[in-house]
Structures are given as C-alpha cells and as structure tokens.
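Shared chain: chain A. Partners: chain B in the first complex, chain C in the second.
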Partner chain A sequence: MLQLLPQAIVDGILIGGIYITVAIGFSLAYGVMHVIDFAVGEWIMLGAFMGFYLNRWLGLEPILLFPVIFLSFFVVGLWIQPLIHRVLSGRRGNPVLMGLVFTFGLALMIRGIALTVFGFYSHSIPSSLAQGSLFFQVGPIFVTIPLIRLTGLGYAVLVTMGLYYILHRTDFGLAVRALAQHKEAAGLMGVNARRTGGHVYGLYTGISATTGALIGCIFSISAQMGPDYTIFAFFVVVLAGMGYLPGVPWAAFLLGFVQSFFLIYLSPSYTMLAVFAALYLILLISPKGIFGKGV
Partner chain B sequence: MKRVFTVGLCIFGMLLGPLFGLAYGDEGRNYFKVGVITSLSGDLATGGNVTKRGYDLWAQEVNRLGGIEIDGKKYPVKLVYADAQSEPSAGASAAERLATQEKVDFILGPYSSGVTLACAPVLEKYKIPMITGSAESPIIWKQKFRYTFGTIPPVNYTGSTPMKTLASLTPPPKTAIILGSNDAFSKATAEAFKASAEALGIKILKYDIVPQGQDLTPYMAVAKATRPDIIAFGGHDEELINLVKALRQINYTPKALLMHYGVTEPAFVEALGKDAEGVFGATVWTSTIPTHGEVLWPDAKSYAEAALKAFNVPADYTQAGSSAAGIAFQVALAQIKATPPLSPEEREALVEALEKINIRTFYGTVNFATEGQYYHANVGLTPLTVQIQNGHTAIVGPPEYAESPAIYPMKPWNQR
Partner chain C sequence: MGRKFYASISVVVLLFLVVPLVVHDTFYLRVITEAIMWIGLAVTWDVLAGYTGYLNFGHGAFFGIGAYTTAILMVHKGWPFFAASIAGGAMAGLGALIAGIPTLRLRGAYFAIATWALARAIQQLALILDITGGPDGMRLPPFLQPGFFFYVMGGTVLIIFIVFWYLFEVHPFGLKVKAIRENEDGAMAMGLNPARIKIKVFIISAVPTGIIGGIYAYWITYIDPSSTLGDLVTDQAVVMAVFGGLGTLIGPAIGALIISTFKTYFWAYLSDYQVLYLIILGGLIALSVVFMPDGLWGTVYGKIQNARLAGSKEKR
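On to the complex of A and B.
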C-alpha cells in the first residue's frame, strides 16, 4: 500500500490546486465586502461557457483565452459591484442579510438564463494539455501527473502569488487591506470604498471565470454546474477562516488530501462524508478556521 | 403606508389568481389533462429535458391527428408540466400538486429512478396511473406499485447483455473494475454489470459506489496499475464524460469501456469528439432497429426523422421510451373507452387495461409484466449492446441484431 503514497500526495496537491482557484477570489471579495457571494459558482460556469464558445469559434488553446476571459469578467464585476454596494449600504433592514439574498437571487437568475441560453447538455472544452500526463516509475512506486491538472496547479500558484504581490506591494493592495480591516477608518484615510470594492469584485469575478475555463478542460461543463463549486468555495473559505486569504491555499490542500487519501486508501464511497467531517471537526475545534484568523 | 398597501395588493392578487383558476375549473372538459413530472432543472436536467421531448413529440403528434380517438370521437391532450428539479422531494411535491390542484387524468413519469421512487407512493395515495419513460432502477418494480408502469426495462434486465457481448470478443476480457454513482439507477447499473461479469467468469478487481459528481482521476490513476481489461461505470451523462476525460488525462485505455445511459445521447459524442469512439453502452432502442408500429409512427426510422425535424437533435432510447409511454396510455384509453375527465373508476380500469396491453410500436413491443421482480416494467423489448463508431451508435450485439462488428480492444487515446 505504501507504493500508492506518492500518487495520493500528488493527487491531493493537484486537487488542492483546483480548489485554490475556485476559492481565492471568493475569499478576497468576502474579506473586503463582507458578503458571501452565492454566485461564485455561476461566475465559474459563465467563464467555462465563454471558454467553450471562444475555443469553438477561434480554435485557440483554452489557456491562451484566459486573459480575454479575465478581462471580460473583470468588467462584468465592475458593473455588478455597485449594485451589491448599494444593497449593503442601505439603511433599511439588515444589509448583510440583504447582501446574501441579493447574491443568492443573482445566482438563481444567472443559472436560469444560462439554462435557457446554453441549453441543458453537458459540454467539454478540448485542450491539448488534457490529452497527456507525466508518468514516473521507480520499481513498484509510480506517479501519474495529468498535464492539465499540473497546469491548474501552476495557475493556482500564479493567482496566489499575483494576489500576494498586489495586496502587499501596491498602493491599491494597501487600500484593499485597509478596507478589509476597517471600512470607516480606511475611508477617513482617503480610500474610496466604492471604487476599491468594485476593483476587488472585478478581480474576483475575473479569477472565478478564468477558473471556469480551466475546469472546462478538466471536467465537463453545464449550465447547472455552479452550485457544486459554490459549495466547495464555501468549504475552503470557511476552513481557511472567512476572509483570511493566506489560509486559502492550506485549506484547499487539506481538503485535497482528505479527498485523495480517502479515494485511494479508504472507501471512495465516503469521500464527501470525509470532507464534511473534516470541516465539521475543524470548525468545532477552531470556529475561525484552521489558523483561527477568520472573521 | 403606500408601500405596504401596494405589497398587500400584490399578495392579494397572487392569492386570488389560483382561486379564480379553481372557480373556472376544467370539470367537463373535452381534452385529456396529462401531468408530466420531469427534471427540467438541476443535475439531471439533460435527461429530464430528453424525456420532455419524448412526451412533447407524442402530444404534438396526437393533437396533429385530432386527439385520442375514443369511440369515434377525438379528444386532444394537454400536457401540464411539473419540474422535479432533479430532487426526489421536489418530485413528490410535484406529484401531489398534479394530483390535488391540477387534477390530471394520468401522469407521464419523471426522469431518474430516484424521483420516480419518490413520486410513486404519492400517486398510489391518489390512485393516479403513471407511466415513466425513463426510470430503470429495479427497486421501483420490486415495490410493486399498482399505479406505476415503465416503458424502459430495468437495468438488471438489460445490463447483462453488454457484458455477454464483451465476453464473446477476442481476446476475451478477464478482469474488470466496476463503478457506480450513488443514485438508484447508477447503483443498480453497477450491480447488474457486476453480477453478469461474475457469472461470465470475469474477475472483478475493484467494485465501488462513489458519490455523485466525484472526481475519479485519483481513483483511476491508482486503478490503472492493475490494468483492468474492462472499466464499467453506472452513471449519468456528465459523470460519463468526466470518466472518459479522467482516463484520457492519465492516458490509460482499457480494452473496453462500458457505460449505460448517456452513451446514446448525441451530447456524449459532441462533448468528447474522438475520445468517445469505441465506448460501449446498453440500450433497448436505436433509430435503426427494425420495429413495426401500429400507432402513430410505423417504425423506428420514421420516429427518428420526426424527432430530428421537431428538435433538430437525434432521438435516443429515453426519448423514444417517453413517447411510447404516451402511446401506451392512448391505446389503453381507447380500449376502455374512457372520456375526459377520468373518474376514479375509469382510472382503475385504465390500470387494468395497461396490465393487459401488448402492442407493437415504433419503439418495440410494449407489454408490462404483471408479476415477479419486473412487475409493471416493460418486458417486451430486446436489450442491445451499442458502441460509438464514427460518431454514431452502432448495434454490436446480440449477434442477431448486430449492425457492425465491435471495435475491440479500444484504440489507445494517443493514437486517435
């Protein structure tokens, strides 16, 4: 059984890579805007379909379409965020609850429109990277690394490092961190909450949509795919600590390892149960996520 | 205050609408009101919409011809839809609504076995006959629901045929990994594959039921070390596509890749392109099967042409089975000479007529079993093994139905 260990570790890391890309933008948006965006899965789905159609029309490798998809959804995010900002800064009722309702409604609306426009069939984004793998064998020990998943991990590392650079090395990042820490104080220091929030939401929708195109190369896509990814994004972010960005990669890898080890060593029937149990236990011990630094 | 008044007025209007509907109810109507429960949204929306096409096509054709002929007079059919949202609980609520509010005459049943299992007890309570055109889990028929029938035979009736076909190929497969997704239909499919493989002396290396939507790449990356000759999977369309993609990504080509539902859907080939080539599946109907229909369509070919014209998508066996469900009701109604709306006594007579039915349709023979483990499932059809060849489904077994020889072993992914 030990000869399967390298494969289990590699798979855990690769699954974790996908989870990072699904959750990191979501965590960033929560950290700044303090709203759980139930539409995260729908941004992923829309990005996947944009990748699917662009690939079909242009015949380009999906990874080359990432910048176009990112920019397109960055603009969409800029357009949507003022609506969320308006709901959150309203005087009536409970703004946080209204924010939840708004994003939930947005998710339902996007899903319904997508089902009408894209139809109910499943699709797949063809990629030359999804047609091969690296294979290493030393005696009885072997490891298979699918190239497309390795690309996904590379993309996750790139996004994480990019966000780290933006948040810690730029004035915009300073404003974002200030806004996440204390909205009113940041405003008094000259941070434009509305504009900064818009850019953050744009970054989040852009990253999520690009992730969708990546996911379309690895798995099938459909207009109904969103809720599954929303749940996983939520899992990772809760485990990392709500709004605590540095915790996201670790939480994603942890969930990846739980899934991979259960699939390989224990029973595949209970992988989702194991993921739920891990989340439950960790939150029982540390309600603010694995590092205790969430909101 | 003005706002409260406006909101109150809207709520009042919404509440009043259905009341008016009831007031102007449809008692004494001269058309058949047919409930359709299917999954128009949710994870199983693909199959749900395929069944809807089947039911729609039947209704369109019946109405084009003036309606169902009862004792010389024609009564049109009107379909009333209820979305089961791919959830058994939503399906049960939908059945309740169709029975109590819509007061339908009979029901064309849900997509997916799980939803059917949830709807059937509700319809037993209200004594409303239902024929499902898609549910395939044997658990449904073992419950012996009096008011539930199905035009597609259960997977334990059909699942052994593809294994027999594979076992007859050269060199005969010796080992298999069998998986099933954790839902009623998929589990039953995996069980049927396992039972028939064991009976044929094929060694099962691994057998697992996995959660729906599970990423199987890590599982397959390890499983490939055992080099199974057959990988057989019971699942739905999206999961089947994901499994082929996973095998493609780890670059492992088994000698045979066997699935059930989904392979015959055009979307499977469209999504996977050349990677779909050589995948085996099980079915009871293709557009090329020789059938002779006594009602509506004369054969499989003419049905396939009508379906293509109506929806611009080739029909698969689920769509055909759904249309055949409508035909079964139509024939049974004509036999008992029941006119709309059906009384409780006429619904009882309808059930009895369905139990006796034995008709030839474009889909094949519809003949519901009245006893045993297949109680009320259609046992008039011959299970077929199909394979994707040149982008189309070709029948490769049993030998008397084979249109072309099976491509075996599968061509490696990287040589396509």
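On to the complex of A and C.
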C-alpha cells in the first residue's frame, strides 16, 4: 500500500489544480458581491457542454476552444449580473438573503434546461492529450502523470497568476479590491460598482465555464454534474476563508488530497461524507478558514 | 389572539373534518393529503428563513431523517407508528442542534452552504449504510387507510400551524426572533443571545419536519435516497415559501397549495416532460425574487393595506 503513496500525492496535486479553477472565480465573485452563487456548478456544466459540442462540430483540440468558451460565458455573466445587482440593491429588508434565493433559483433553472436539452447521458470530450502520460520509476515505486491532468494543473497556475496580475497590477484590479473592501467608499472614489461588478461576474462565469471544458477532457460530464462541483467550490472557499483569494490554491490542494487518498485507500463513496465532516470541523474550529482571513 | 383568529381556525377545522366525508375518490384524498403535507414543509422552512433570515437549503435532509428513523424503528425494532414518528422528529431536532451549533453563530452564507452540504452527506450516508437498505430504499408495512393518513397529516400540520402562530405572532419569543432578523447587533445590545435563539428556531423548524417525514414514510410505504432525500423536497419547499411570501405563516401555506395543485396536474398530464418542472420551479423562484420580493401574500396584503389607508384618508 505504501508504494501507492507517491501516486496518491501526485494525483492529489493534479486534482487539486482543477479545484483551484473551480473555486477561484467563485471566491472572487463572493469577495465583491458578498453573495454566494449556487449556480457555480451549473456554469461549469454549461461550459463543459459547450466544449463538448464545439469539439464535436469543429473537431478542434478542446484546449484551443478555451478562449471562445471564456468569451461566451464572460458575455453571459455580464448579462446575468445586473439581475443579481437589482436583487441586492432592492429595498427589501434582507437583500443578501434574496440574492441567495435568486442564485438558488437560477441554478435550478439552468439544471432543468440542461437536462431538457442535453439529456441524462454522460459524455466526455476527446482530447489528443488524453492518450499520453509521463512515467517515472524509482525501484518499486512508480508514478504516472497523464498529460491532460498536467495541462489542467498548468491552466490552474496560469489562471491564478493571471488573476494575481489583474488584481494587483491594473487599475481595474485596484477598483475590484476597493469594491471588495468597502462598497460605498469605493463608489465615492469613482468606482462604478455596477460595471466593475459585472466584469467580475463575467470573469467568474468565464473561468468556471473553461474549467468545465477541462473537466470534460479529464473526467466525464453530464447535465447532473453541477451540484457536486458546487459542493467542491463551497468547500474550497470556506476552507480558504470566504473571499480570501490567496487561500484558494492551498485549500484546493487539500481537497485534492482528500479525494485522491479516499480513492486509493478507502472507498470513493465516502468522499462526500469526508468533505462534509471536514467542512463541519472547520466551521466549528476556525470559521474564517485555515488562514483565519475570511470575511 | 383575536376573535377573528378563533373564527378562522374553527372554519379550517370544520372544513378539515368534513373533507373525507365529501371526497370519496381516494385519488383526490391523496392529492389533498399531499397538499397539506407541503403546507407543513413550506411553513416549517419559512419559520427559519422568513423569521430569522437564515436559509436552510437542506430542509429535505430533516424530512428524510424523520422518514428513515421512523422506517428503521418500525421495520427493525417493531415500534408502533406514533412512537416511531415522534422519534423521527426527535432525531431531526438532534440533527438541527448538531448542524446549527457551529453554523448559526456565523453569517447566513455559511449556514446556507453547510445545510446544503449536510443534505448531500445525509443522502450519501443513506446510500452506503446497510440499515437504510442502500440505494434500494426501505419498504414499510403497508397500511392502506387513506382517511387515517389524511387525519394524521392534517391534524399534525394544523397543530404545527397553531403552535407556530402562537410562538411567532403572539408570544414574545416571536418578537425576539424578529429583532434578531432586523438587527442582530441591536438585539444583542438589548440582552438577547442571538445564537441560542437561532438554534432554538432551527430545532423548532426541524422537529415537525421530521415528524411529517415519518408520517410520509408510513403513508407512501416506500422510501429511497433519491426521492426522499433528493433535492426536490428542499427545492419545492423553497419555491412554495418564496412564491407565497417569506416571513409570514399564511404566505407559504398559500404558495404550497398553489404549487402542489400545479404539481399534481403537471405530473398527471405532462409526465413526459418531467425536467420542465425543474425549469418552472427555478424560474418561479428567480422571478418572484426579482419582481415580487414580498411574495404573493405579501404583495396582495400590502395592496389591501394601502387601499384601506387611502380609503380612510378620503373619509377625512
């Protein structure tokens, strides 16, 4: 069993990479809007199906489709966000509550539409990278790294660094950080909360959708996959501290380890229970995440 | 409690006693029983969501805990039905206590996430365990008396409704709860302990849900993880409460009546288009939040109040 340990660690890192992109846009959107989006898994699912159909019709390598998917869902996000903004700035007593209910309804609706249009079957996106893999062998221990999963990790690193650059080196990023810190003060300094919020939401839906296409190349996709990824995104974001972006990669790797260890050493059917138990313990001991920096 | 309240309660009780005498068709009796069950589920969801502002997206889990506890006690331990369903309620309350302690101290977003994750975890637990029958579910001893279940379900929901009305609209406890919803810091400054009160409300909401789940299990005689512990129970309770009007007791009841009637006809005539139902539920939630944030009852009631105000001004 110990021979499998290096493989479990490598798998954990590779799976964790995917969870970074699952959760990082979501964490950013929460930081700015202060509303958790129950539709996060559904954006992932829609992106996955867009990748699946584009790949089938055009026959292009899925990785090359990422910019198209990103741009399409960026536009969708820009179009959805004003609705959320409207709910949040309503005169009702508890707008955050209404925002939550709204995204919950949105998630249900997207899932229903997807089940109607795409059906109940599972698919996967064929990628030429899926065949190749790297082998390493030292004595009795050997480790396999599928190329497509390595690409996924590379994509996660790219997205993380890209977001870091945008948030810390551009005026737009400054506006986003100001908005996350104090909405009214940022508004007084000339930040257009509506437009910036829309762009952040677009970034988030775009990143989530491309992640979906990536997941389609590595695992399988179906119209019912959404809620599972929503749970994973929640888990990572709570672990990292809600709205605290630098915590996301570490929390994602931890989730990757939990999953790969359960897959290899225990039964995968216990994963959701383990995820919930961990979530419960974090909320009990350190509700602001493992770094104590959540909001 | 004014005279109006007693009058309306006695009308409801009379109607309720008469229904099985008038309705002989078991199909309709079943439909009415189910509508009453949904009134119970929507109202119990709303006392937490509408009165404290914490959204429980795992309401179905408490329903399922009640159903499974009742089924296990009746099938494996030979308990009588009433004792088993009350034990189901107790287990649901215990679940609420355990889930509520860490999460209700925090802001609503954490609570929504945690309850949603709890529902998934409970569903997976029921799929793995032997005692719950895994994915095959459980069969209960059949007891085919539609009239009995009508009275049990209806009586339970009626008692729940009256107790909730007393607790939240008459007793000072309701004022405390509303104070926390409006301004938690202010309520704390007045000497209230918000976390403790919220946990109490959560338990008050979960125990009846578990009892309803227990009655449902014995009534339907078959429970399995995908239907009893699935998302649809929570989804429907949320739609009914939000569409009917959050923060009232009558709103969710009206919402439950409308949507469960709609559901019955939809499943009877359009069962080929089952997934359309999800789209309709989701669309209804999203649209009510955007265009009718006070819900059906809140909007209508507000209009009546405004008309009354306008009328009294004209007289002067």
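Rule of thumb we're sticking to: the second predicted complex is superposed on the first by the 283 of 295 C-alpha atoms of A that agree within 3 Å, B and C clash if a C-alpha of one lies under 4 Å from a C-alpha of the other, contacts with A are read in each partner's own complex, and residues count from 1 in each chain.
The rule we apply is simple: a residue touches a chain if its C-beta (ideal position, glycine included) is under 8 Å from a C-beta of that chain, and two chains touch if they have at least 3 such contacts.
Keep in mind that this is a model prediction, so the values were computed, not measured.
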Chain B versus chain C on the shared chain A, clash or fit? clash
Name the contact category of A:Pro67: first (chain B only), second (chain C only), both, or neither. neither
What is the contact status of A:Gly154 with respect to chain B (first) and chain C (second): first, second, both, or neither? neither
Of the partners chain B and chain C, which touch A:Leu115 in the superposed model: first, second, both, neither? both
Partner chain in contact with A:Ile15 - chain B first, chain C second, else both or neither: first
Examine A:Met242 and indicate which partner it touches, taking first as chain B and second as chain C; both and neither are also allowed. second
Which superposed partner A:Met272 touches (first chain B, second chain C, both, neither): both
Classify the contacts of A:Leu106 with the two partner chains as first (chain B alone), second (chain C alone), both, or neither. second
Please work out whether A:Gly162 is in contact with chain B alone, chain C alone, both, or neither, and reply first, second, both or neither. neither
Against chain B, colliding segment of chain C, chosen among 62-70, 116-124, 206-214 or 224-232: 224-232
Which chain A residues come up in both lists, the one for chain B and the one for chain C? 112, 115, 269, 272
In the complex, chain A touches chain B at residues 4, 7-8, 11, 15, 112, 115, 120-124, 126, 130-133, 135, 142, 144, 146-149, 218-220, 222-224, 228, 259-260, 263-264, 267-269, 271-272
Touching residues on chain B, where the partner in the complex is chain A: 41-43, 45-46, 48-49, 179, 182, 208-211, 213-215, 217-219, 221-222, 224-225, 237-238, 241-242, 245, 248-251, 265, 267, 270-273, 413-414
Complex interface listing, chain C residues touching chain A: 49, 53, 55, 57, 99, 101-103, 105-106, 108-110, 112-114, 116-118, 120-121, 124-125, 127-128, 181-182, 231, 235, 238-239, 242, 273, 275-287, 289-290, 293-294
Chain C contact footprint on chain A (complex, rising order): 30, 34-36, 38, 83, 86-87, 90, 92-94, 96-98, 100-102, 104-113, 115-116, 227, 230-231, 234-235, 238, 242, 269-270, 272-273, 275-277, 279-280, 283-284, 287
